[in-house]
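As written, the chain order gives the labels A, B, C, D, E and F, with residue 1 at the start of each chain.
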Amino acid sequence: MLHILALFSFLLVSSSHAALQDFCVADFTAPQGPTGYSCRTPAEVTADDFVYSGLRQPGNTSSIFNASINSASVHKFPVLNGLGVSVARADVAPGGVLPLHTHPGATEIILVARGAVTAGLISSDNTVYVKTVEEGDIMVFPQGLLHFLVNTGGTEALIWVSFSSPSPGLQVLNTALFGNNLDSDLLEKITLLGDDEVQRLKGIFGGTG
Amino acid sequence: MLHILALFSFLLVSSSHAALQDFCVADFTAPQGPTGYSCRTPAEVTADDFVYSGLRQPGNTSSIFNASINSASVHKFPVLNGLGVSVARADVAPGGVLPLHTHPGATEIILVARGAVTAGLISSDNTVYVKTVEEGDIMVFPQGLLHFLVNTGGTEALIWVSFSSPSPGLQVLNTALFGNNLDSDLLEKITLLGDDEVQRLKGIFGGTG
Amino acid sequence: MLHILALFSFLLVSSSHAALQDFCVADFTAPQGPTGYSCRTPAEVTADDFVYSGLRQPGNTSSIFNASINSASVHKFPVLNGLGVSVARADVAPGGVLPLHTHPGATEIILVARGAVTAGLISSDNTVYVKTVEEGDIMVFPQGLLHFLVNTGGTEALIWVSFSSPSPGLQVLNTALFGNNLDSDLLEKITLLGDDEVQRLKGIFGGTG
Amino acid sequence: MLHILALFSFLLVSSSHAALQDFCVADFTAPQGPTGYSCRTPAEVTADDFVYSGLRQPGNTSSIFNASINSASVHKFPVLNGLGVSVARADVAPGGVLPLHTHPGATEIILVARGAVTAGLISSDNTVYVKTVEEGDIMVFPQGLLHFLVNTGGTEALIWVSFSSPSPGLQVLNTALFGNNLDSDLLEKITLLGDDEVQRLKGIFGGTG
Amino acid sequence: MLHILALFSFLLVSSSHAALQDFCVADFTAPQGPTGYSCRTPAEVTADDFVYSGLRQPGNTSSIFNASINSASVHKFPVLNGLGVSVARADVAPGGVLPLHTHPGATEIILVARGAVTAGLISSDNTVYVKTVEEGDIMVFPQGLLHFLVNTGGTEALIWVSFSSPSPGLQVLNTALFGNNLDSDLLEKITLLGDDEVQRLKGIFGGTG
Amino acid sequence: MLHILALFSFLLVSSSHAALQDFCVADFTAPQGPTGYSCRTPAEVTADDFVYSGLRQPGNTSSIFNASINSASVHKFPVLNGLGVSVARADVAPGGVLPLHTHPGATEIILVARGAVTAGLISSDNTVYVKTVEEGDIMVFPQGLLHFLVNTGGTEALIWVSFSSPSPGLQVLNTALFGNNLDSDLLEKITLLGDDEVQRLKGIFGGTG
């Protein structure tokens, strides 16, 4: 019996160290580096840390785009720190829209759990790829490319989203252009948009300048 | 007008090359390397390549484990080549099981779309993390660790799975041990399982030796 | 003397193989994978392959944006295949513009070799960072984020650009939106741009639909 | 002479910073992130930090498996932090066994320094690859796959092990299944092992539940 | 209007977190890990952090090699932390030299902004690749290989350098061999250099031992 | 029984594809990319492919340095393709030397299996780290840095080497400088070595020019 312990005392010691590498639950109170947050001590990690219930409920779709997104990225679900994947849910009312946007750091797969949507992406050579996808279909948006989605199915749509990063980032074109203090003259020069249009959209998205 | 073309002839030339890097749809007829398959010519890629409909239907759960898995990995959905993410669907009858297994090359997130399951993972220091998760919950299984799932909800369960790789791999314990020609004496030495048990399970999983 | 050969015959054999890993000059006639092109045989590589003279001359800036870009990415300079870096030159006439764009796969550093420019980027939380930079200054645009540049210096500007990838990609907002066959109704839904504006810009950038 | 200093003052300043990247000796008192530990100040690092003597002695092989493993992973040899490689020694008595296990985060090469062993691995498609290897031979176990080793040489075996990670992790099947509090009913469901066998092995490996 | 806020309150919350991943400006007062420094809080980052003016002036070339290098690596330009690229400027007087050296962690591209130089690299199989490059030309030195540059153009040369790393490292052969306390006997054994030559060069580069 | 087949037909199909990712045995007749060689069809791979016997015998140490190296890199042991690790053996006669060299693409661990050696490395800030290491000791040389080894133990030494790459590369200072056609004038300018010394060493290492 002592012999068993002899081997396993090694195995346990070795493994308890190695466990630090099995996962690295984010400790938001410690420094963050370019590849992720610091890790909590494994001894503090419990089964609860592996589960997230924040996606159970549909979001409120009574916004300008009649849509809502709720993402379980590492900032909300810290066990994902360093693990290379995250998920989100999108609820889109009939006619609702996920407006043109990019994820600077992740590829995305959408899965249509309920309803039907028309979705598309634009590649670096300006080609547009648009498809209407139905319940059970999946569609891919490669990293960093502009993409969008419109609920064309006539019913509330539920979309499950998978990202190739625990922190995919999000740059929505409308708020990036019209939701900040970017000088209007400058904005018009770098987009060729007219001033009337810029002022109208700044009005909608809260921009100044 | 010629001036416009002057600039955009550059942009288009440059971009049409760059598009090779936007995505790399797998060409299964050309050589494969350690990081993925060769790419199809972008000119052959259409919107259809970005969409996969093979997960629409539930799988047949009348197997020994009363469960089925259907994965949209790069081998079936070639646009995922090199993109760092894939998805799958699991259908599990009441009482059904996804037996103990690992994915050698990917972290996994499960999303319970319908039903309730008891799922768990085992870390390198032999700690077990088990939770019962319900509709709308997600749970994480870090790369390379043993994990499992049992439908404890009383109804057919539908699980959407996200992986941090287009080709996560799959090593099911039962078939790895009992579904091949691994010599029984050797198997018993390296697992301490008894010969009766080994023969019984080889009978179920088709093993010889 | 034979002894010397004994050791170096090893070293040479070993090294001639290892040299395959020193660099991998792209062979555009062989398959490409997600991480780059196939390699030419090292024996065919000469000193000329390490040098590129295509950036010597200023580009023609008489385009709609009064600017031109010439990039030495892997598609033109094949020794960069797999090496993680590339460069480009931008020539911008007084008042000229590099319009709003992203590089889906690379961080960028600009170096103002001649003149002065006002440049900026927009982060994921819609913050705008704008600066006027002068001769000898450098400025950074992190991967995947929208950025732009206007020649505000009154003289022709020469900008040297460094990318963190041999193939950074390029998505110019104007051509991505207005230079293809993206359906106008759809475009207006996903950007909230007005139809007049969309038609006007499609006219400029050659879009249809 | 001043001229020399002029150049080298640059070189030294620049290099003393760059040295932070030459190596990153782990500081176990500072936070750990997903890619490794924090670094000690280079000024505190001495030649002793590059050397480890903890593998000099054979381990005690009088355990249940008649084998012992001693690994020089980053947790014991902190200079390996971030460097992508580690080593270990295994001592295996005649007839002794390294039982079925995986390393979730590393490929392994064994080198038979003394004796002879029968070793094997199981791939994702359940194929078994078994070989008897002798003094001076090496054998490879790709990342994340089940593998094992039995001393079939009639003498004490000494095995040197190389890993593709400073922290390869270790999941031993017997202790993962039978050395914790995993509920026996659940365990039997997800492995199809019989209850008698489970109880017998929990007795050996100290499991409860 | 409230509806707009409903959507954008999500977008803003989500994005303000995601912004942590857009960039990670180095905080030199917090721990460093193997992949970079800790990040400053995004709220403290301003437009000034994206710009560096330290390369505006030529360096002093009155050193032994009649050359100077000034690098904008992460240690001086902290926004580069984790971003995979950096730049430097080299000023080389007529006849001046950048002596034989390696960058252990980066590929390098030189761009001849003014003058002409003869530059070369040596590959693992001891092949030498030498070229004379002129104004506007670029030349590549793959990661880890010995390379050098001589100003053969008769005028002061200005070279802009791009690296595939924010911290490329630098190992200059002369100072690595002759600028430290490496024992002379040992040095002669491992290089076959004669003692007279070693003592002469230790005299120049300040070596002892 | 059919039910079992139903599940496993999936598992087998899925796994047989996934097995392509378990390992990628190099096919030297197909194209190579920047991250490795093309893969052989898994069906052609046998247990023999996982084993290499080429390191069994000591090398011939009667060379100028009284040492020999034999490496099991991917070029000789194709299963290592893409797997991130390789090994080598060095035999060093009493007084023999592994002369100053770098591996451009790998960190190295040496393990002294027999004898004793004095080994060292030089960091980017020109610091020398030297140690005498004995039987059973290991020592680390981080990626890209100059290092060396002298047999100071009075007996033949056997060294096992582990690399963090299947193809570490090798740049030996003596042959890189004196074993090719690098012009002597140029060599003297970029190293400050005297002409007599250069000619003497070119004589030994077969250099011309």
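Heads up, the rule we're going with is that a residue touches a chain if its C-beta (ideal position, glycine included) is under 8 Å from a C-beta of that chain, and two chains touch if they have at least 3 such contacts.
This one's a predicted model, so the numbers in the text were calculated from it and none came from an experiment.
Participant: Which chains sit in contact with both members of the pair chain E and chain F?
Facilitator: Per touch definition, common to chain E and chain F: C, D.
Participant: What chains touch chain B and also chain C?
Facilitator: Chains that touch both chain B and chain C, as defined above, are A, F.
Participant: Compute the rotation angle for the C-alpha superposition of chain D onto chain E, expressed as a multiple of 5 degrees.
Facilitator: An angle of 120 degrees brings one copy onto the other.
Participant: Looking only at residue numbers at the chain D/chain F interface, is the share used by both copies over half or under half? Answer same or different.
Facilitator: Here the answer is same, because the shared fraction of interface numbers exceeds one half.
Participant: Which chain has its C-alpha centroid at the greatest distance from the C-alpha centroid of chain C?
Facilitator: Most distant chain from chain C: D.
Participant: When the C-alpha atoms of chain C and chain D are each averaged to a single point, how far apart are the two points in Å?
Facilitator: So the centre of chain C lies 42 Å away from the centre of chain D.
Participant: Roughly how many whole angstrom separate the Cα centroids of chain B and chain D?
Facilitator: The separation of the two C-alpha centroids amounts to 26 Å.
Participant: What is the distance, in whole Å, between the centres of chain A and chain B, each centre taken as the mean of its C-alpha atoms?
Facilitator: That gives a centre separation of 21 Å.
Participant: Using mean CA coordinates as chain centres, what's the gap between chain C and chain F in Å?
Facilitator: Measuring from centre to centre gives 35 Å for this pair.
Participant: Considering chain B alone, which of its residues make contact with at least two other chains?
Facilitator: 15, 18-19, 21-22, 31, 33, 35, 83, 104-105, 120, 124, 126-127, 130, 142-143, 145, 165, 169-170, 172, 175, 179, 204
Participant: For this structure, give each pair of chains that are touching.
Facilitator: Every touching chain pair, ordered by label, is A-B, A-C, A-D, A-E, B-C, B-D, B-F, C-E, C-F, D-E, D-F, E-F.
Participant: Name, in rising order, each residue of chain E that touches chain C in their complex.
Facilitator: Residue list for chain E touching chain C: 12, 15-16, 18-19, 21-23, 42, 46-48, 50-53, 55-57, 72, 77, 79-80, 83-87, 106-109, 111, 113, 120-121, 123-127, 129-131, 133-143, 145, 160, 162-165.
Participant: Flag every residue of chain E that touches chain F in the complex, lowest number first.
Facilitator: Residues 97-100, 102-105, 118, 120, 122, 124, 126-128, 130, 142-146, 148, 150, 169-177, 179-183, 186, 189-194, 197, 200-201, 204 of chain E touch chain F in their complex.
Participant: Quick check: in the complex, which residue numbers of chain A touch chain D?
Facilitator: That would be residues 3-8, 10-11, 14-15, 17-22, 24, 27, 30-31, 33, 35-39, 81-83 of chain A.
Participant: Can you list the chain C residues touching chain B in their complex?
Facilitator: For chain C paired with chain B, touching residues are 31-35, 59-60, 62-65, 67-71, 73, 75, 104-105, 165, 167-172, 175, 179, 204-206.
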